[in-house]
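Got some structures for you, see below.
Two complexes are shown next, each including chain A; its partner changes from chain B in the first to chain C in the second.
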Partner chain A sequence: MSKAAVAPASPLSRWWHKWRFHLNILLLLIPLGFMPKYFADAAMFRGDSGLGERDLGTIQVGPWQVQLAELRDEAPRADGPAGHFKAFNAALCNTCINEVKAAYLRIGKPRSLRAAGTIFFGPPYRMATNLPIPSKTKADAEIWITLEGWDGSMHQASIPLAKASPATLAWLNKQGGK
Partner chain B sequence: MSKKSKSRLWFLVHSWLALPIWFFVLIVCVTGTLAVVSQEIVWLANPDVRASQPDGAAERLSYQQILDALHKAEPDMAVRSLSQPDGSHFAVTAAVTFADGSAPTLYVNPYTGAIQGKSPDFNFEAFTRALHGWWLVPFTNGYSWGWYLVSLLGLPMLASLVTGLVVYKKFWKGFFKPTLRFNHGARIFWGDFHRLSGIWSIWFIAVISITGTWFLIQAILGDNHISVSTEPVVPVIAREDVPRTDSGAPAARISVDEATRIAREQIPGLEVSFVSMPGNAYSHLYLGGRGWYPLMFQTVNVNPYNSKIESQFLIQDRSALEFVTESMRPLHTGDFGGLAIKLIWAFFGLLLSMMVLSGLLIWTKRTAQATAAALKRGERKQARTTPETATEASL
Partner chain C sequence: MKPTPRRLLVPLLLLGAASPALAHNPMCECKPVDGGQIECTGGFSDGSGAPGVTLDVIGYNEEILVPGKLGENSKLTFKRPDGEFYVLFDAGPGHVVEIDYADIGEP
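On to the complex of A and B.
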C-alpha cells in the first residue's frame, strides 16, 4: 500500500506493482483443470460409464454369473492404519438376483464361508466392495469370488490378481523393492 | 510503539490478509452463497423436484407406500434410499439403481408416488458444493489438498474480523449511526459500505470463519486418523440371525413402515426423514431424521428379519465435544432451520462477498489517489523529499 506510491523504475517492476494482487486469479486454473476429472467421476458414480474403469468381464461362479470391474485403474489407496484398499464393483446376472444372498471377495482361497472376505454392498446391478491388499501379497496371488445362496449353498471362482488389477501388481512390485 | 503506529500496523495487517488472494476469497464466498441456496435454485429451475399436491384432500404417502409405487412403476429397479428434503415443498428423493447399472436420483411425488423426473447429468448442488468446499480437487488419499486450500481461509477471515474491529475505532457507534454516503464519490461509498456491512456481519463472519477453521481441523484430524466420534460402529447382522430359506428365495424382511413404527415406538420423538434399504442380506434398515436439537440427526439400525433395534445414535448419546464438532457443519451451511435460515445465510454470504470486493475497491482507489497525490507533490517539490504515503486516516 504505502510504498506503492513511489513510481517504480523498470517495466517489469511496474507490471508487478500493477498486477501483483490480481495474480491470484490464476488460482482459478485449479478447478478449471480438475473439471474434466470431476465430471468423469460424477458420471462414474452415476453408473453412466459402466461398472468401473476396467471391466473384467463375466465370471462363471458355480451356476451363477457375475460381472466384475475394477473401479479405478490405479494402485490401492491407503486408509491409515487399516492398510491399503482396492475398490471393485460387481453385478449379478439377472436370473440369479433372487438366489444369491451375498457376494464376497478375498485374496487367496477362503477356507470357509465365514472367512469369505469382504462383502459386497449395494443393489445386485451394481455392488461395491473394498478389498484389503496387504503390501506383502504375492505377485501370483488370485482373488476369489464367493457367492452364497439363500439356500445355504456356496460357489467360488478365482481370477489372477495380475488380470484383475495390473496397477495393483505394479504397486506390489514397487512395495517389494523398498 | 505509539498508539498511532500500532493502529497503522493493524491496518496494514487487515489490508494484507485478503488483498493478495482477494479473487480466491471472492469466488469461495460467492460459491458458498450459491451452495447455501442451491437446493432452492434447483427447486425454482426444475419443476420435477417440487412436491405438487394433486388436490387439497390428498395425504402424503408413507415411505413403504412410496416404495410400493416405485416398484409398481419400475419393477426391475432397486431403491437404495428414500429421503424427504427439509421442507414439504420438495419432492421425495429416491436413490435408485437400474438394471443397466445406472444409479441416478429420482424425484417422487409425495402424494401420488409418481416418478416426476430423474436427476440431470449436471448436479448443480453437488457442483457448487465441490467447487466451494474443495476447489474440485479430487480426494485420492484422505482429504483433498483443495479442501485444505479453502478451509485455510478460515484463519485470515477470522483475523480480518478481529483486525477490522481494532482498526475501526468505536465500531459499535456504527450500529446507532449507520453511515452510507452516496454523494461523496465511489471511494467514500465503498468505505462506508465496507464498515457498515462489516459491523452487521460480525456474528456471521465469526460463525463462517470459526466453522471454516473447524473444517481445517477436521481434515487434519481425519488425515491423522484421530476420531472424536462416539457413534457406534454397527457390525453386520450375525450369520445366525439371517434366515436360510429352503426355497432358495430371499428371506422376508419387515416393511419400512413397520421398521419406522418400531423405531418411533421405542424412541419417542424420533423423526424419520430418510430411510436406507439394507445394503445386502447382512445389513440393517437404517433410518433417521433431525432431533430436538436441529443441528444433529438421530439414526437407528433396525434388523429387518427380527425387527430388533440393534444400534442407535441419538442426541443424548453425543459427548459434549460432539455437540460442538457436529454443530459446525450445519452452522456453516445454514441448513438446520428451513428456508428462513438459508435465506439469512445467503444474504450475509452475499454481503461477505461484497465486503471482499469493496475492500479491494477501497484499496485500489486509495492507492490510485495516493499515487496521484504523490506524483503531484513530487512535481512541486522536485524530488527534494520522498512522497508522503497513505495512512489509515484515508480509510
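On to the complex of A and C.
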C-alpha cells in the first residue's frame, strides 16, 4: 500500500480534487468576454458598420467624390524601423469608379504625382492604405488626397489632420513635437 | 458544398487580411558619409532588402539630379548635390519614401 493513500488529505486538496474539472467552464466563459469585440471587428471588416470606425464623410476631389474613413480611432501603429502608420479606408463614388485609376494619400501637399504618397489598394468600394506618420508632423498638418484619372488628369483635395484623426494628433503631441 | 463553412471562412479570411502589422511598408534611410557623399539604404519593413529599386535625387524644381538604382546590398552612395533636394526611394506607384535634404544632416 502506498503512503499517499493513507495520508489524510487536507481540506484544500479535497476541494481541488472535487472541483478541478469545473475549470472547463472557464474555457467557455473566457472567450465569451472577447465576443463583442470579435463581432464588432467582423462587422467592420465586412462593411456592415461602414468604412471604418470614424467616418470622415464625402470629400470632393475635382470632379470626383471620395468617402474617407479612419479604420480605427486610435494612435498610429508602429511597424518596426519603417516608423508609424495609420490605416485609412476610402470608397470612390459609383460614377467615378471607371474614371479613377489610382488614389493616393499623403501628409502635406505632394511635390509630384510620383511622390503622391501611399496608394490605396483593394476594391473601389472599400480601398485601404497605410499612411506613414512621421513623428515630427506638425499639429496643423493636412492630409492630401490625390486622384489620378485614366485620362491622365490629376485632382487633389486636403483635410486637416486634426479632423481626419484626432487620435493621431494626440499621439503627435505626446511625441513632444520632435 | 454546403454554404455554412464557406460563410464562416470569409470573415475569418478578412480578419487575417486586415492586419496592418503584416504589411511590408517601404523604408529608406540616408546618412552623410566621408567625402561629401550621402549613403542611402532602402528596404521593406518585413526585413527584405531592395536591390535594384530606383532611388532618385530630385531638386526642389523637380529636376532629377542623380538618377540611380540601389546596388546588390540595397545601398546607393552619391555626391551630395548643392542646394535644396530630396531623395525619392521609388519601389513603384504609392510605394515611395521621401527624405528631405534637411533630414540627412551634415557630416
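Everything below uses one rule, namely that the second predicted complex is superposed on the first by the 146 of 178 C-alpha atoms of A that agree within 3 Å, B and C clash if a C-alpha of one lies under 4 Å from a C-alpha of the other, contacts with A are read in each partner's own complex, and residues count from 1 in each chain.
Please note the rule applied: contacts are C-beta pairs under 8 Å (C-beta built on N, C-alpha and C of every residue); 3 or more make two chains touch, one makes a residue touch a chain.
Everything numeric here is computed off the predicted structure, so don't read it as measured data.
A.B. asks: Taking the superposition as given, does A:Pro124 touch the first partner, chain B, the second, chain C, both, or neither?
C.D. replies: first
A.B. asks: Would you check which partner chain A:Phe34 touches, where first means chain B only, second means chain C only, and both and neither mean what they say?
C.D. replies: first
A.B. asks: Touch check for A:Ala115: first (chain B), second (chain C), both, or neither?
C.D. replies: second
A.B. asks: Tell me which partner touches more residues of chain A in the superposed arrangement, chain B or chain C.
C.D. replies: Between chain B and chain C, B touches the greater number of residues in chain A.
A.B. asks: So, does A:Tyr104 touch the first partner chain B, the second partner chain C, both, or neither?
C.D. replies: Only chain C; A:Tyr104 stays clear of chain B.
A.B. asks: Where does A:Gly50 make contact in the superposed view: on chain B (first), on chain C (second), on both, or on neither?
C.D. replies: first
A.B. asks: By the touch definition at the top of the document, which applies to A:Ala87: first (chain B), second (chain C), both, or neither?
C.D. replies: After superposition on chain A, A:Ala87 lies in contact with chain C alone.
A.B. asks: Let me test your reading of the model: by the given contact rule, A:Arg77 touches which partner, first (chain B), second (chain C), both or neither?
C.D. replies: So A:Arg77 meets both chain B and chain C here.
A.B. asks: One more residue to check, A:Pro132. First (chain B), second (chain C), both or neither?
C.D. replies: The second partner, chain C, only.
A.B. asks: Is there a shared patch on chain A that both chain B and chain C touch, and which residues make it up?
C.D. replies: 41-42, 45-46, 77, 80-81, 102, 114, 119-121.
A.B. asks: If you look only at chain C, which of its residues touch chain A in the complex?
C.D. replies: For this pair, the touching residues of chain C are 10-11, 14-15, 18, 20-21, 23, 25-27, 29, 44-45, 58, 62, 86, 88, 90, 93-98.
A.B. asks: Can you list the residues on chain A that touch chain B in the complex?
C.D. replies: The touching residues are 1-7, 20-22, 24-25, 27-28, 30-31, 34-35, 37-38, 41-43, 45-48, 50-51, 77-78, 80-81, 91, 94, 98-99, 101-102, 114, 119-127, 149-152.
A.B. asks: In their shared complex, at which residues does chain B touch chain A?
C.D. replies: Touch list, chain B to chain A: 12, 15, 19-24, 27, 78, 80, 97-104, 121, 123, 126-127, 130-131, 135-138, 140-142, 146, 149, 225, 236, 239, 242, 244-251, 279-283, 360, 363, 366-367, 370-371, 373-375, 386-387, 389-391.
A.B. asks: Contact residues on chain A for chain C in the complex?
C.D. replies: Residues 41-42, 45-46, 71, 77, 79-83, 85, 87, 102, 104, 111-112, 114-121, 128-130, 132.
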